[in-house]
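The following blocks contain the structures, represented as structure tokens.
Two complexes follow with chain A in common, the first pairing it with chain B and the second with chain C.
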Partner chain A sequence: MAFNVTSKILEDGTAEITLVGELDGSVANDFKAAVEKVALEKPKKVVLMVKDLEYMSSAGLRVLVFTKQKMGSDVDIYVIAAQDAVRDTIEMTGFQHSVIIQDEYNAI
Partner chain B sequence: MAISTIDERVGFLRNSLLFPNPKLKTLQEIASKLEDVEYQADEPIFKAGDSGDYMYFVKKGKVRVHTENRVIEILGVNAIFGEMALLDSRPRMATVTSVEKTDLLRLDKASFDKLIHGRIEIVQGITDVLTKRLRFQDHELEETRQSLEKVILPLGIALSTEKNLDHLVERILLEAKKLCSADAGTMYLCTADNHLKFNIMFTDSLNIALGGSTGKEIPFPPISLVDKNNGQPNYHNVSTYVANTGHSVNIPDIYHAKDFDFTGTMEFDKRMGYRSISNLTVPLKNHLGDVIGVLQLFNAQDTTTKQVVPFNAYQQLIVESLASQAAVSLNTQELLKRQEILVKIEHDVQVGRQIQADFLPDVLPQPEGWEIKAFFQPAREVAGDFYDAFMIDDNLIGFVIADVCDKGVGAALFMALSRSLIRAFGWINSRSNPEFNSNTSENQMLDFIEMGLDPIGLTNNYIAQIHSKMNMFVTLFFGMLDPKKGVVTYINAGHNPPVLLDSNGEVKARLTLTGPAVGMLPDIIYAYRQITIEPGDLLFLFTDGVPESHNPAGKLLTEKRMLEILSEPVPAASVLLDRVVHELNDFMSTANQFDDITMLAIRRKQK
Partner chain C sequence: MERIDAYPTHEYEGFKLRPGKPFPFGATFVPGGVNFSIYSSHASTCKLVLFDKGQPQPKVEIPFPEEFKIGDVFSMVVFGLEYENIEYGYRLDGPFDPQQGHRFDQTKILLDPYAKAISGRDIWGKPPNWDNIFAHRSLLVYDDFDWDKDRPLEIPMEDMVIYEMHVRSFTRHPSSGVKFPGTFAGIRQKIPYLKELGVNCIELMPIYEFDEFENSRTSPVTGETLMNYWGYSTVGFFAPKSGLAATGKMGMQVDEMKTLVKELHRNGIEVFLDVVFNHTAEGNENGPYISFKGIDNKTYYMLTPEGYYFNFSGTGNTLNCNNPVVRNIVLDCLRYWAAEYHIDGFRFDLASILGRDPLGYPLSNPPLLESLAFDPILAKCKLIAEAWDAGGLYQVGSFPAYGRWAEWNGKFRDGIRNFLRGEPGKVGDVAQRIQGSPDLYASRGPTASINFITCHDGFTLYDLVAYNDKHNEANGEGNQDGSNDNNSWNCGWEGPSTDPAVNALRLRQMKNAAAMLLVSQGVPMILMGDEITRTQKGNNNTYCQDNELNWLDWDLVNSQAELLRFFQNLIRFRLAHPVLRNRWHLINQDRIGSGYPDISWHGTQAWNPDWSSSSRVLAFMLDGKHARGGTLEDNSIYVGMNMHWDRLWFELPRLPEGKNWHVLANTGAPAPEDIWETGCEPRLDQQDGISLGGRSVVVLVSK
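This part shows the complex of A and B:
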């Protein structure tokens, strides 16, 4: 599936970014641009909806790292409904400690 | 309009080409059927596609036979035209327009039909006219063919190799002038301050040759591309109009051109006793489509009559095509320049590869009772994987396998950085604290960590803090082996869990994560673990490149398959690596290698 990223700011100031398709080096910059865009709104939380994200390469992981660094340590990053392949990539590099992985979004 | 008399007409008809040796009675009969008609300058007489109703004799003046794209012929006094449509009753093949005020005698179809019936000499006359026309067209065709074969095509080839832009534009001007048999040609070049500068000027009949390779100065000032009065583009002069719009302009007679200001040209004419008539002005563009100059030709000549004629559409096409050679040549020059740069970069990458190869250990330590073997195959010139094995002190051996989250030169630089930091921190620590030498590796690790000096933690902080903008990270496995005891104290920072195999190839353990990848987050306290490698055991370390190998269909090898390949008894570490390499090559077959492949095998020999 072709990659697509959309973002919106929810009423409570939470940023929601939806990722669809395959996230590799050729489209990672689109994801990064979306993160930079929501960063302007200074959200309290960032929720990544990845139910339809089929694949994430290390380039995509880099943008996740970037997201964590950009938002600051006070902002929680949620990864919602990650498929196995995506989850593996996050867990195998130990990044799962930096994000909150959930099947459904439940604000902590 | 003056009506000619029968006698006048007879006199005229005698000179006409249609009637060799006519009888007076015949001529008088035809003369009686003729009609005088008068046309002003530039008036259409008939158009291509019209049905043929008359044939015409030119009594006075000149007409132009032409199609939409080109002028076929100019006919003067005594010429005949329009008879073909009367003969075959098909529509007119061309348009005929008067050049100047012209008097014609015309004969209608009915009279013509009556005339040719039973009048052999007239039919012969007609055949004569047609044959003449055919020969003329044959000649034109042959000329065109010659022009194409001998001049235009070879010229195109020669121009495409001309590297010097000045020579190129001069050549284009000369050849364009020659092809159109134009008497004069000027080349202008656009300047940085928005003017058109006279670059080269030739007027053959006045023996003028200035600028370009003649070395003589051109005494005319540059023309502004911008109207000084209102800041708008200057469309008054045809040369600046062409430069500003990028469109060609073809003018049959500049003295009748209402759209442009030719005062300069007219003054030149008066001064030099010249008469500029037809003009073709064409833009010169570079490979980006920007206008860089203007080519202007004056007074195309008919090669047979030597009269000045307008530039026809075919000639315009040729000149535009030659002008476009400038763009092609410029593009080639640009590409050649870039190629030079790329060759230099490629050379640098080769040097980078050499330096990187230097970073890899020449010789892996082989402690008594152990084998340590490695396999390294980068996907590109320069790799993002690396491995290392070095003596920490007399006893302990440090080994590393790592993977930067990318490939190529950027990753390699990062890799060099990480490797150096690990070695440096490890080395500094072992040198700076004499207590280390006698301790167990576990205690050493604890000491490292307690002092906040463990190499991995330090490297992690360095990258995460100093290079956070790069968002790069390294997955890394760092182990300290005590070869006497077989104990490995290790940190796995986000890397593929190494496999501990027994001598039968069964999996004894996977050395899983003890912390996140290096460079992701600062201030991580990396946990460490320990495991013992028994005699006959083999510790297999690998990077993503192994399980993520692609086959030609794009399928991945998968870790499962990798484990299957490992699950056989191993007599030696090199045997295991060879087996894996063999299977990988089989699997990848014709596919390009996707990722760097790195493997490290540490085997404790059987007792």
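This part shows the complex of A and C:
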């Protein structure tokens, strides 16, 4: 599936970014651009909807870390409904400490 | 600020280029592109060969322009590459004149010696395409790992308790229950086990890229494939092995391994790497071209005057470590692991080779070993030598140390094993080993001595007490491989036994071994699984066995809880008592006027050890006031070792007024009274002596 990223700001100020398809080095910049765009709104939380994200490469993982660094340590980053492959990748490479992984979004 | 060297100046077949920087070697990200740098003393031309990942044929071969070369270094920047989709290599041209040492071959594509990750064996054991024109391919890796606050732990050497581990063996067995068996990620799930055990260092057997299919063949016994399982054969010095990573198939092994180191450090556990600089996987003139052979054969390998390969490693070739160029790559490699992976120490396989000159003669002042000892990046790394090689250069006690190197003390192993199995007259030797071998390391202190009774070479601890002879038939070499000097004793039966007396004796002997190892001055090293009776069924050289002979069976954690508890409590005891962990050798005298020498020797009679040639009995007492040269006060400790088969009465040295002997451990007592928790040791009823059963050890502490 081709990669696609969309974003919106919810009523309570939470930023929601939806990722679809395969996230690799050739499209990582699109994800990064979306993060920079929502950062301008200074959200309290960032929620990544990844139900239809099939693959995340090293470049994609790095955008997760970039997101955490860009938003600041007070802003929680959620990864929602990750497919097994994506969830495993995040865990195996140790990037799970940058994000909160959940099956359904539940603000902490 | 925009860099003024960020734009291309040349073009080749649609690829934009620019003169590169020779430094650093290998492939490095620069703005907009990748800087490639490779050197060769004797090549005339070089081409960069680029592949789209997984493709059989290259997509382009870009010659390094003449005008880009500086000295012997070919470097260039290539712009616009898709980093995650590229594999690269080199073709070098030069003379083919084996007698002069040159084996340049334009038809071969070569791996970058500085490759930070390598594809071709992405998944362990998956048969590769044997027709691949370029089997081990260099990859580009992100070197931007977020270490957060991590740095090497710098635990003092005298406080280390080392656990030697094979990455795949540790969690590959189905009983491990980990999500990613046999991998770096798998180890992370078992960190709680390592913490419970109490070790503060894991020494990983080779984790850099090696070819598990090297020399693979079929087992004559089981029909399965025998592999290069241990990995003592380097393909890539700078790359973690993809097949040992759960994310290897996605090329993320670098992040996965760094995460493992970060997690271990967070839990107070150091990481040592077993490094193999004595030979490579290219073999001799009949072996494959992977890298060095085609890049600069004459420089990298020790060659005979006729151009054949010297074989001090026993494996086909020998790396020319004291050639200045090769010295630099060894130094670069270790600096890379120390700086980029936060590695705490290195154990050098067949380290005596590192002290030989290009013609193989042992050097008294080997430049490589000196460089390593004084390098600023490696300054806090522990350096450990396996101080022998396969060419007869045995240097235990004489390895060129520069005050920094420690050694695997083979004499400790042999001395304790012989005492353990009841050989008479070994007590003098044992006394030296227990003190951290001052006969070998007088000028350096006990921390030069890595004490071990077992390691990957040879029997496991269980097999040491269950087999008199090796049984390596499964290796397919007619049981000719592996050491014959095992100094083992099977306790009355060869192999598995249902006799309760035999099994009870074996358990007691394993506890005796653990006790002697953990109360000795020096640095103890435990073999993975010895704490739960891992067995290789008498095979003392399982280098090729990718199966249960090597894989740790986690069900043993429950069935062998008694021995595990013994190890855990002993390790905790060692780490709680600095008198067991001195940095300087004991002098056998009362240097501070406490009334007791720092160490004193006893036998069945206090103050009167039996050093005779028929003796099988020894005891010693460490005076607590002499801990750390008298700078700390600790409890005094007494250890009595009865390796005779009969029960014997040991008279105990008298303690000062107000102090009493308490029992930490008595291997002759049934569990749970075989060992007590540190700090909870019960007082001995009778203070003037203790009865030790045949073949047992007591550890007493004065309180």
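Heads up, the rule we're going with is that the second predicted complex is superposed on the first by the 108 of 108 C-alpha atoms of A that agree within 3 Å, B and C clash if a C-alpha of one lies under 4 Å from a C-alpha of the other, contacts with A are read in each partner's own complex, and residues count from 1 in each chain.
Everything below uses one rule, namely that a residue touches a chain if its C-beta (ideal position, glycine included) is under 8 Å from a C-beta of that chain, and two chains touch if they have at least 3 such contacts.
Bear in mind that the values here come from a model prediction, so they are computed numbers and not experimental data.
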{"item": "First (chain B), second (chain C), both or neither touched by A:Gly94", "value": "both"}
{"item": "First, second, both or neither for A:Gln83, with chain B first and chain C second", "value": "neither"}
{"item": "First, second, both or neither for A:Gln102, with chain B first and chain C second", "value": "neither"}
{"item": "First, second, both or neither for A:Phe66, with chain B first and chain C second", "value": "first"}
{"item": "Which superposed partner A:Ser58 touches (first chain B, second chain C, both, neither)", "value": "both"}
{"item": "First, second, both or neither for A:Ser26, with chain B first and chain C second", "value": "second"}
{"item": "Touching both chain B and chain C, residues of chain A", "value": "25, 58-59, 61-62, 65, 91-95, 98"}
{"item": "Touching residues on chain C, where the partner in the complex is chain A", "value": "82-85, 141-142, 144, 146, 179-180, 183, 185, 188, 245-247, 250-252, 255-256, 258-260, 262-263"}
{"item": "Contact footprint of chain C on chain A as seen in their complex", "value": "24-26, 57-59, 61-62, 65, 88-89, 91-95, 98"}
{"item": "Of all residues in chain A, those that touch chain B in their complex", "value": "25, 58-59, 61-63, 65-66, 68-69, 91-95, 97-98"}
{"item": "Sites on chain B touched by chain A in the complex", "value": "405-406, 468, 471-473, 475, 493-496, 513, 515-517, 520-521"}
